[in-house]
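Chain nomenclature is as follows: A, B, C and D, assigned in order of appearance, with residue numbering initiated at 1 for each chain independently.
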Amino acid sequence: MALRYGDDVILMLEDGSTYLIKLKEDSQLGTHRGNIRHSDLIGKNYGDVVDVDKTRVYTLKPTMVDYIFKMKRKTQIVYPKDSGFVLLMLDIKEGDRVIDAGVGSGAMCGLLARYVGESGKVFAYERREEFMEIAKKNIERWGLMDRVEFKLKDIGEGFDEENIDAFFLDVPDPAPYIESVWKVLKGSGRLAVLCPTTNQVQSVVERMNEVGFIRIEVWENLFRQYKPNPKRLRPFDKMVAHTAYLVFGMKINQEGKGS
Amino acid sequence: MALRYGDDVILMLEDGSTYLIKLKEDSQLGTHRGNIRHSDLIGKNYGDVVDVDKTRVYTLKPTMVDYIFKMKRKTQIVYPKDSGFVLLMLDIKEGDRVIDAGVGSGAMCGLLARYVGESGKVFAYERREEFMEIAKKNIERWGLMDRVEFKLKDIGEGFDEENIDAFFLDVPDPAPYIESVWKVLKGSGRLAVLCPTTNQVQSVVERMNEVGFIRIEVWENLFRQYKPNPKRLRPFDKMVAHTAYLVFGMKINQEGKGS
Amino acid sequence: MALRYGDDVILMLEDGSTYLIKLKEDSQLGTHRGNIRHSDLIGKNYGDVVDVDKTRVYTLKPTMVDYIFKMKRKTQIVYPKDSGFVLLMLDIKEGDRVIDAGVGSGAMCGLLARYVGESGKVFAYERREEFMEIAKKNIERWGLMDRVEFKLKDIGEGFDEENIDAFFLDVPDPAPYIESVWKVLKGSGRLAVLCPTTNQVQSVVERMNEVGFIRIEVWENLFRQYKPNPKRLRPFDKMVAHTAYLVFGMKINQEGKGS
Amino acid sequence: MALRYGDDVILMLEDGSTYLIKLKEDSQLGTHRGNIRHSDLIGKNYGDVVDVDKTRVYTLKPTMVDYIFKMKRKTQIVYPKDSGFVLLMLDIKEGDRVIDAGVGSGAMCGLLARYVGESGKVFAYERREEFMEIAKKNIERWGLMDRVEFKLKDIGEGFDEENIDAFFLDVPDPAPYIESVWKVLKGSGRLAVLCPTTNQVQSVVERMNEVGFIRIEVWENLFRQYKPNPKRLRPFDKMVAHTAYLVFGMKINQEGKGS
């Protein structure tokens, strides 16, 4: 599995800085530690420690998390701290048919597409063309275009699908769309709504109760990273304090909790 | 998709209590709200609201998270709050060959098996036969036995595989095994170690540095759930304060950071 | 400073359980480890390790936090995790004249009384007589009655004081009282409002803006305790996830931010 | 209480920026919104809203927390999130004799001095003269010099006092001093140790057990601030993730838990 032109590589320098590149002939990467010629990496393996001129470089295989943090984007992304939990709470699995609205730069869309497998499908709604174009480029780079059907559309007009297994809703004002979401979900289908503010959580939970969702859960998570120094183990000084509240529920085949 | 004998169902009562059952002829479920005959649920759909005698029941499709919380177990499980993040950090995907050591009751093993797909494989090491038997029953119920190779073995003797994509290490004292883990991983392969104590984090990180891992990251996460009352939105009074620290790293093809 | 009849003592057994007693003649304390006669403790010192029959007992001097956790109460108390921060944000100091509404069981009232000193005063409003009686007993035990003026009164009728330095507001629905609070505070006077729900925070902050407060800050805090085992240092499994949000502000001598 | 020359004032501009000044004749404050002449503020009151040229200014009374955040310093300060809790756990009150080692820039020393009152005393140890000088200037500005006895001294030589009520230990490597601390404390006296790393917590707790402390508690706290927008209530994006672990204990009059 020696590296060849066309391969994606994460290059990590000794100071921990990383670069995601696709190996190309006659190309070089400019870094604050000097230039690295792509040709010097051909034939190396993932995991190798390469001395290029005066710079030591680690050649690593990009993970999906790498791609997400390095991708082109114009929107706030869904962080791994949230997306991993959402995948489990939405019970995403091979063959699932999932709606992702709105797509933004495509980070969550890519993860959903990865985990629905070849037999599944992600219907990706986005209202703004400039975001959609970025998302498409990202999904294409990840080789997942076959699994995603993009829809440049305002979701105020409703959704085209039915019998959807799981729904990820990440739009500026989600409460008005809860009823449309309910309609396209299967019975017992799972919904996740990403809400930046407590006000949105309040209106979304109220609407989910009215429309016909149960097992409504509201979560937030705080991820804290430690300095990996075994002699002085302690958290980093700062952390992300908030991305969004996560609201989950399951559709019942009757409005408003059957009450 | 009407419910038939043999189907798994989550029954939820109006007080929120849930039961995971497999529909069987001539069976009934005893609850604190009275008995529910399985035969009364045949022909219903997932998501239905069923009035059985004086009890209202919701018939829901079990998710993997439901199975994990309802499964038989004799060990501490890896919580969804941790496992979702581990899946992303280990970059688990179709076709991956992964080692899970030790298996315990099989919660993480099941998730790994789900996400490596049919072309992937999980090698599941466990030293204690009683845990292994429980894990096997759980994996079998989830229909994932084809993807898991169980190994009743003390990992002190090393691992049988090579060129492993990702490794999940969850044993009482992990530091002594870091070198064996390094040997079986591919270059750039991902490792996740679950460490309940700070002392373990210290020894694991030290060992990972010595043996040849980079991008070492140490995380912990706090998940907080809110009472889903839109008029009085606030967190529940108590929460899980700690399960484990999560240590991640990537193998380089040279010992000790090449230093 | 040998212990005498009339002294308060915290007795701690070897299992960590604690008892707050006042030493009395001919009295004994019944514990799950046997009876402890008060007379056996006379002449001992704070900090002593005393073997009484088969039980080892530590004789400790009660702290204010001990008194608060051991006091008689019928209401939720303000926890030290919150009250210490409130004291600083309210800038409580010798000579301050402070209003505490509602008093509840008197935990916060006692702390305020302690720190305003002999030249300060706490005006303690409480609507329910049964709570007031408990608060009085607690304040009396702490020897702080001279510094507290109790008022059995519904605060809907307003407050009797003026030129108040600091105000602690802890009532079920605080927003309607913000204007009355503003009236009795000095210019630049400090307000702290304890709000269990996000809905209350929203209405209180909105009202504070309208009425004439600046430097409005909203905080919450998570305190996490570790098992004090140096070989296996890790947090306890569970923690308090939420007590209340803390809203702070300073009065300006003009309504609504002067806008 | 009109403002006069010599008074301390916090000036807050409309964008929330604050300045701590002492009013002086013929002085002015340069801000990014223009200059503010001190003379324009004479005769105003705390809490006033003053229009100076084109700038709106709020004249506020500085709190101790203001002084701490605005003071001159060369060291990391103890944050209010930690210091408020420490004050309660150390049970600081009028008349207490307290040791503060090392003093650093004097933030904690000032708080201790404020709350021990006129009849109490803080013995403030600091090894580095440059820090001591800064701390003295800060304590002087707060008018608390009568209550503090400064000691320019390496605490490796021990402490000069005895029968100390409470001890605050905040030095780079605290474990070696635990025994000296024990010697100067009263029976049942309270100790708080500030430990940035988990390794320090481990060694401090171990030493406290050996030397003769009980009720050993280890805490950390996470304070999270919300954007005070009632229509979009949510936490700020970033927060302080870690300052230090707080270790507490009480002295018993016998070594090593009397075991």
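Keep in mind that, in the parts below, a contact is a pair of C-beta atoms (placed from the backbone, for glycine too) under 8 Å apart; a residue touches a chain by one contact, two chains touch by 3 or more.
Computed from a prediction, not measured in an experiment: that's the story for all the values here.
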Quick one: compare the interface residues of chain C with those of chain D and tell me same or different, with half as the dividing line. same
A-D versus A-C: which has more C-beta pairs touching? A-D
How big is the gap, in whole Å, between where the Cα atoms of chain A centre and where those of chain D centre? 43
Chain-centre distance (mean CA atoms) for chain C and chain D, in whole Å, is 21
Touching at least 2 other chains, the residues of chain B are 198-199, 201-202, 222, 224-225, 231, 233
Hey, which residues of chain D end up touching chain C in the complex? 12, 16, 45-49, 56, 58-61, 63-65, 80-81, 83-89, 91, 93-94, 111, 114-115, 117, 186-190, 198, 201-203, 205-206, 209, 214-231, 233, 245, 247, 250-254, 258
In the complex, chain A touches chain C at residues 198-199, 201-202
Contacts from chain B onto chain C in the complex sit at residues 196-199, 222, 224-225, 231-242
